[in-house]
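Down below are the structures I want you to see.
You will see two complexes here that share chain A, one where it goes with chain B and one where it goes with chain C.
Up next, the complex of A and B:
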C-alpha cells in the first residue's frame, strides 16, 4: 500500500509540471542566494577576525597591567622572554610572539603622520600568523634600517619602496629620539589600526633604539585552540593583563552577533515567504483534486494514508528544490571561497572597514543542514491547512461536486 | 476591462490578499530599509563635514599629493578678497597645519598642530561646540593650546599644563616653543581627538613664519547641493592653474566609497527578499491564471483578443499593487520622516564604532521623496514582471483549448 502511496505522491507532485517547476525554482534560487549571502558575510567577518589575530593579538594577549591605558614603554613586561619560554612549554599553546610598540611621529621630507613603531621577529611572526602573506609591495625583510609600512600609512606619507622615513618618539629614559629607516615593504593586514599607523621594524633594533633590554616587550600574543588556556593564564600571571581576542576587539563580537541576527532574520523572512509560496501551490493542487480524494476516501482509503501521500508530495517538491538550491548554493560558495568577489574598484572604501578588496566566502555544513530542516518544515507545514480541508470534507458531496 | 479586473480581484480573494500583503510588506520594508541605509550614510558624511573637513577646500597643487612647505598657499589675503565676491560662498577661513611632536613632562606624542582664526573657525567646524574642559581660543594671539581629549590623555596633561612643541617652520627651519593647555575638546572622531591640537594663528604665524600663508582655505557654501557649481566659480575667479579647488566628495573620497560599498551590500541583502517575493507573487498569479483558463477561453470566444486578456491581467496586478503601495508608501514615508526628525538613539554606538567614522549615537533615517519614488517604482516593476509568465502561459492556449481545459 505504501508503495502505491509513494508512487501516487511522486506522480501527483509533478502532475502540474509548470506550477511545480515554479515552486522548485523559487526554493532553489532563494536558497542559493541566501547561502551565498550568508557565506559571504560570514567570510568577511571571519577573514577580518583571522587577520586581526594573525597581525596583532592572536587568540590571547598578555600586557602589563597599565600598558593598555598609558601605552608607555615604562609599562612593558620586563620578563617577557622568560614568560615566552614558559608558554612554549605549554601543550595548549600553538605559537607565541613578543612585540614591542611605541607611539610617535613618522616623517618624510614633506609629510608627517602619527604612527606606532612595532618591533617584531619575522621568523616568530611567520610561525604565528604567516606575516609574509600581508605583503603588498616590496619584500619581507628587516635589515638594520629596514621598515615595513602599513598600507594606509604609506599612502598618507606618500612613500614608495626605498623611500626614507624618520620616526621620532620618546625612549625609555624620556628623551626624544629619532631613527632613520628605509621602506623595504608595504604590508596590508586589514587591521585598520595597524594599516593606518604601523611601522614594523626588527625587534632587537627597536629594543636598542628605545633603550630597553632584550627581555622586555609590551605584548605577548598567543595562538591557541584551547578554550581553557585563558583562565589558566589569568591564574598563572595575576600581575599581567591577560585578555582574549574578543575582549581586545569587542567590535568583532558585535559584528558576529549582528551578522548572526541579520542572517537569522533573513532566513526567517525568506522561509516564511517560501512557506507561503509552497502553501499556495499545495492548497490549489489539493483543491484541484478534491474529488479524487473524495473517491479515495469512499473506496476505503484511510485519512492517514491520504495525509501521508500529501506529506510525501510536499516532501518531493521541497526536496527537489532543496537539492537544486544546495547544488547552486554550494557552487556559488565554492566559487566565492576560491576566487572571491573582486571589489578592487572600491578598495579604499573596503579598507576603511578593515576588509580586503577581494571578499571570500566560508562554507559551513550548518548552512545546508539548517536550510534543509527549514525547507522541509516549510513544506510540511504548508500542507496542514489543505489537510484540514480533506479531513473535514463530506466525501459524498465532494465526489458529486463539479469542480 | 478595468471593472472586470476589479471584480476578479474581489472574487479571487486568496490570490488578492497574498499579492496585496506581499506588495505591502516589500514596499514598506524597502522604503524603511533604504531610508535607514541612506540616513546612516548621510549622518556619517555630514558629521565628518561638521567636524573639520570643508565643503570646499583650496590648495596649492601638490600639497595633498606631495606635501611640504613648497606647496603652501601664498597671498592668502588676496585670495580671500576674491572669495568674498563669489555667490554661494557663505564663509571662509584659512588654516596652517603642521605635524610635530608635543611633549609634557614625561610623555610625548606626535600631533597635528593647526593655526586657526578662532572667531572665523566657529562657522567652519564643531571645535568650539566640542569644548569639554577649560575654554575655547579667545582670539588673542597667545600661546593657548586647544587640545583633543584623547591627545591630552596620551600626554597626561591637564588644564594649564605646559606642553613643548618641536616641528619645522614654513621656511624649513627648526621651530620649538612652549604652549599652555587652555582647553580640551571631544568631537567623537577618535583619530581627530587623539592627534589634533589648535592654536591662534596670530601667535602661531610668528613661530612658523607663516604670515599671509596657509595650508589651505576652508570654504563654506550656502547650499551643499550646489557645491560643484560653486567649485567651478571659485576655480574661475581665482584663475590660477597652480591652485586646486576640491569639494568634500574628493576630500572624503574613501569615506564616500565606503558608503557606496555599504550600500551595495545593503542592496544585495534586500534583493534576496525581492527575489523570493517576486517568485511568490508570480506563483500566485500563475495559479490564479491557470485555474481561470476556462474563463479566459470564454472571454476569447466572445471576441476579446489575447491583448485584451493581457490588459485584464495587467489591470488586476496594477490595482492590487497600487492599493498596497498607496497604503505602504505613505506609512514607510512617515516612518522615514518621523525618524528623520527624531533620530533613533543607540547608546554607545559612537564609542563602539569610533574607528569607522561614527561620531554620534544618533541614527537618523533619510527622508527623500525621490528615493521613495524609485523604491515604489521598483516594486511596481517587479510586480509587473511577475505576471509576464502567467500571460505567456494563457496565450499559449487557443480559445477552444482553453474552454475545454480541466
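Up next, the complex of A and C:
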C-alpha cells in the first residue's frame, strides 16, 4: 500500500515540476547562504582566537604566581628553560615558547608611548605560531639592535622601517635603563594589545639588557589539542599560575557567545523564511489539488495515507533542497575558507575589534547536521496547516466540480 | 444487501433546517441488482446515493450494508467501508491526474493490499473488456471523456466491491459513448455479479436497468 503512496508523492513532485523546483531552489539558496554566514561568523572568532594564540598565549600559558598582578621582571619564572625542556617531552604538547616581557616607555625624538618589550626567539616563534605571517612591512629579522614594532604602536610613534626608537624600563636590579633600537619590521597580529604596545626584540639581547639569566622568562606559552593538559600542568606546577587561553582572554569567550547568539538568530530568521516559503508553496499546491484529495478520500483512501503522501512530498523536496543546499554551501564555505571575504574597505573598523580585513570561513560538520534537522523540521511543519485543510474538507463538495 | 429505514436528511443554513432533502426513505437493494434512482433534478437522487455510499451523513434513520449499520460509523470507518465494500463512478470521472490509466485502475486494489500480480492481471482483464488496453500508460488528461469514464468504471469494478454507486455516469458522454458504457456495465453486472445503483435521469440508463426507483422532492414515489 505504501508503494502507491510513495509513487503518488514522487509523481506529484515531478509532474508539478515548477512548484517542486521553486521550493528546492528556495531551500538550497537559503541554506547555502545560511551555511556561509555561519562559517564566516565562526571564522571571524576562530581567526581572532587563532592569532591571539599564535602571537601570545597559546592554548595554555604559565606565569609565576605574582607576575600577572605586578608585571615586574622580578616575578619571572627562574627555571623556565628547564620547564620548557620537560614540557617538550610531554606527548600532549605540540609547541612551547619562552617569552620575556617588560613594560616601559618607547620614544622617538617627537613621540612616546607606553609599551611592552617582548623578547622572543624567532625560530621558536615560527614553529609556535608562524610569526613571520604577521609581517606587514620590512622584514622579519632580529639582529643586535633590531626591533619589530606592533602596527598601531608604529603609527602612534610615527616611525618607518629604519627609524630609531628608544625603549626605557626598569631592569632586574631596579635601575632605569634604556636601549636604542632600529625598526626592522612592522607586524600586525590582530591582537589589539600587542599591536598597540609591543616591541619584539631578540630574547637573548633582552635578557642581557634586563640583567636576567638565560634560564629566565616571564611567560611559557604552549600549543596543544589536549583537553586534559591544563589540569595535568596545574597539578605538576602548583607554584606557577597555569591558565587556559579563555581564562587569559575572557573577551574571546564573550565573542564566541555573541557569535553563537548571532548565528542562532540568523539561523532562526533564515529557517523562518524557509518555513514560510515552503508553507506558502505547499499550501497553494494542496489547494490546487484539493479536488484530487477529495477524490482519493471518496474512493476510500484514508486521511492517514493522504497525510503520509504529503509528508513524503515535503520530505522529498526538503531532502533534495538540503542536498543541493549542502553542496552549494560547502563550495561557498570552501571558497571562503581558501580565499576569504575581502573587506579591506572596512579594514580600520575591523582592526579596532581585532579582526583582519579578510574574513575566512570555518567548516564544521555541525553546520550541516543542524541545518538538516532544521530543514526537515521546516518541511514537515510547513504542511501541517495545509493538512488541516484536507482533514476538514467536505469530500462531496470538492469532488462536485467538473474537471 | 442494502436496507434503508426511515432515512431523513436535511440541508441547513446555520442552525435552521432549510431543505428536507430525504424524506422517510425506506428502500432495499438486493445483491446483483442493476437499478436506477430516477427523478427530476434536485429530487434527492445524488443525496441518497451519497448517503448509501457513506459519503454523506443522515439526520435520522438507519442504513444497513448486509447486517452492519453504516450511518453511525466514524469518518475513518466509513472511509474503510468505501474502500473495501463499494465502488464509485462519478459524473466528472474523478480520476487521479498524476497516475496513468493502469495505475488508476489498480489504485483501489493497491490500497486494499492485493498482490502486484493479481492487480496486473485484473487491470489487463478489465482494460481489454472496456477496450482501453492500448491506453494503459496514458495520463487521464490525454483521454476522451468516454475513455476516462471507462477507466473510472474499471477502477470501481477492479477490486470486486459489493456494490457500485454511479452518479450520472453518462452525463458528460455522447449517446454512442453512453451506450457503450451501459453495455459494459451491464456485462460486468452479469459476469461479476456486482450490484449497481445508478442515479440518473438519462434515457439510456433507464433502458438498461432492471429496476427504477422513482424519486420526487426527496421522497421515493415508486419502486
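Throughout what follows, the second predicted complex is superposed on the first by the 366 of 403 C-alpha atoms of A that agree within 3 Å, B and C clash if a C-alpha of one lies under 4 Å from a C-alpha of the other, contacts with A are read in each partner's own complex, and residues count from 1 in each chain.
By our rule, a residue touches a chain if its C-beta (ideal position, glycine included) is under 8 Å from a C-beta of that chain, and two chains touch if they have at least 3 such contacts.
Given the structure is predicted, the values throughout are model-derived calculations rather than measurements.
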First (chain B), second (chain C), both or neither touched by A:262: first
Contacts of A:68 with chain B and chain C, given as first, second, both or neither: neither
Of chain B and chain C, the chain that contacts the larger number of chain A residues: B
Chain B versus chain C as contact partner of A:8, first or second or both or neither: second
Touching partner for A:298 - first (chain B), second (chain C), both, neither: second
Touching partner for A:136 - first (chain B), second (chain C), both, neither: neither
Partner chain in contact with A:105 - chain B first, chain C second, else both or neither: first
Chain B versus chain C as contact partner of A:164, first or second or both or neither: neither
Chain C - residues contacting chain A, complex: 50, 55-56, 75-76, 79-84, 86-88, 90-99, 103, 107-108, 110-113, 155-156, 172
Chain C-facing residues of chain A, complex: 1, 3-4, 7-8, 11-12, 15, 292, 295-303, 305, 395-396, 399-403
Residues of chain A defined as touching chain B within the complex: 16, 18-19, 22-23, 25-26, 29-30, 33-34, 37, 70-72, 103-107, 109-115, 158, 168-170, 174, 176, 192-193, 196, 250-251, 254, 262, 266, 269-270, 273-274, 276-277, 280-281, 283-284, 288, 343, 346, 348-353
Footprint of chain A on chain B - complex, ascending: 14, 18, 22, 65-68, 98-101, 103, 106-112, 154, 156, 166, 191, 194-195, 253-262, 264, 268-269, 271-273, 275-277, 279-280, 282-284, 286-287, 290-291, 352-353, 355-357, 389, 393
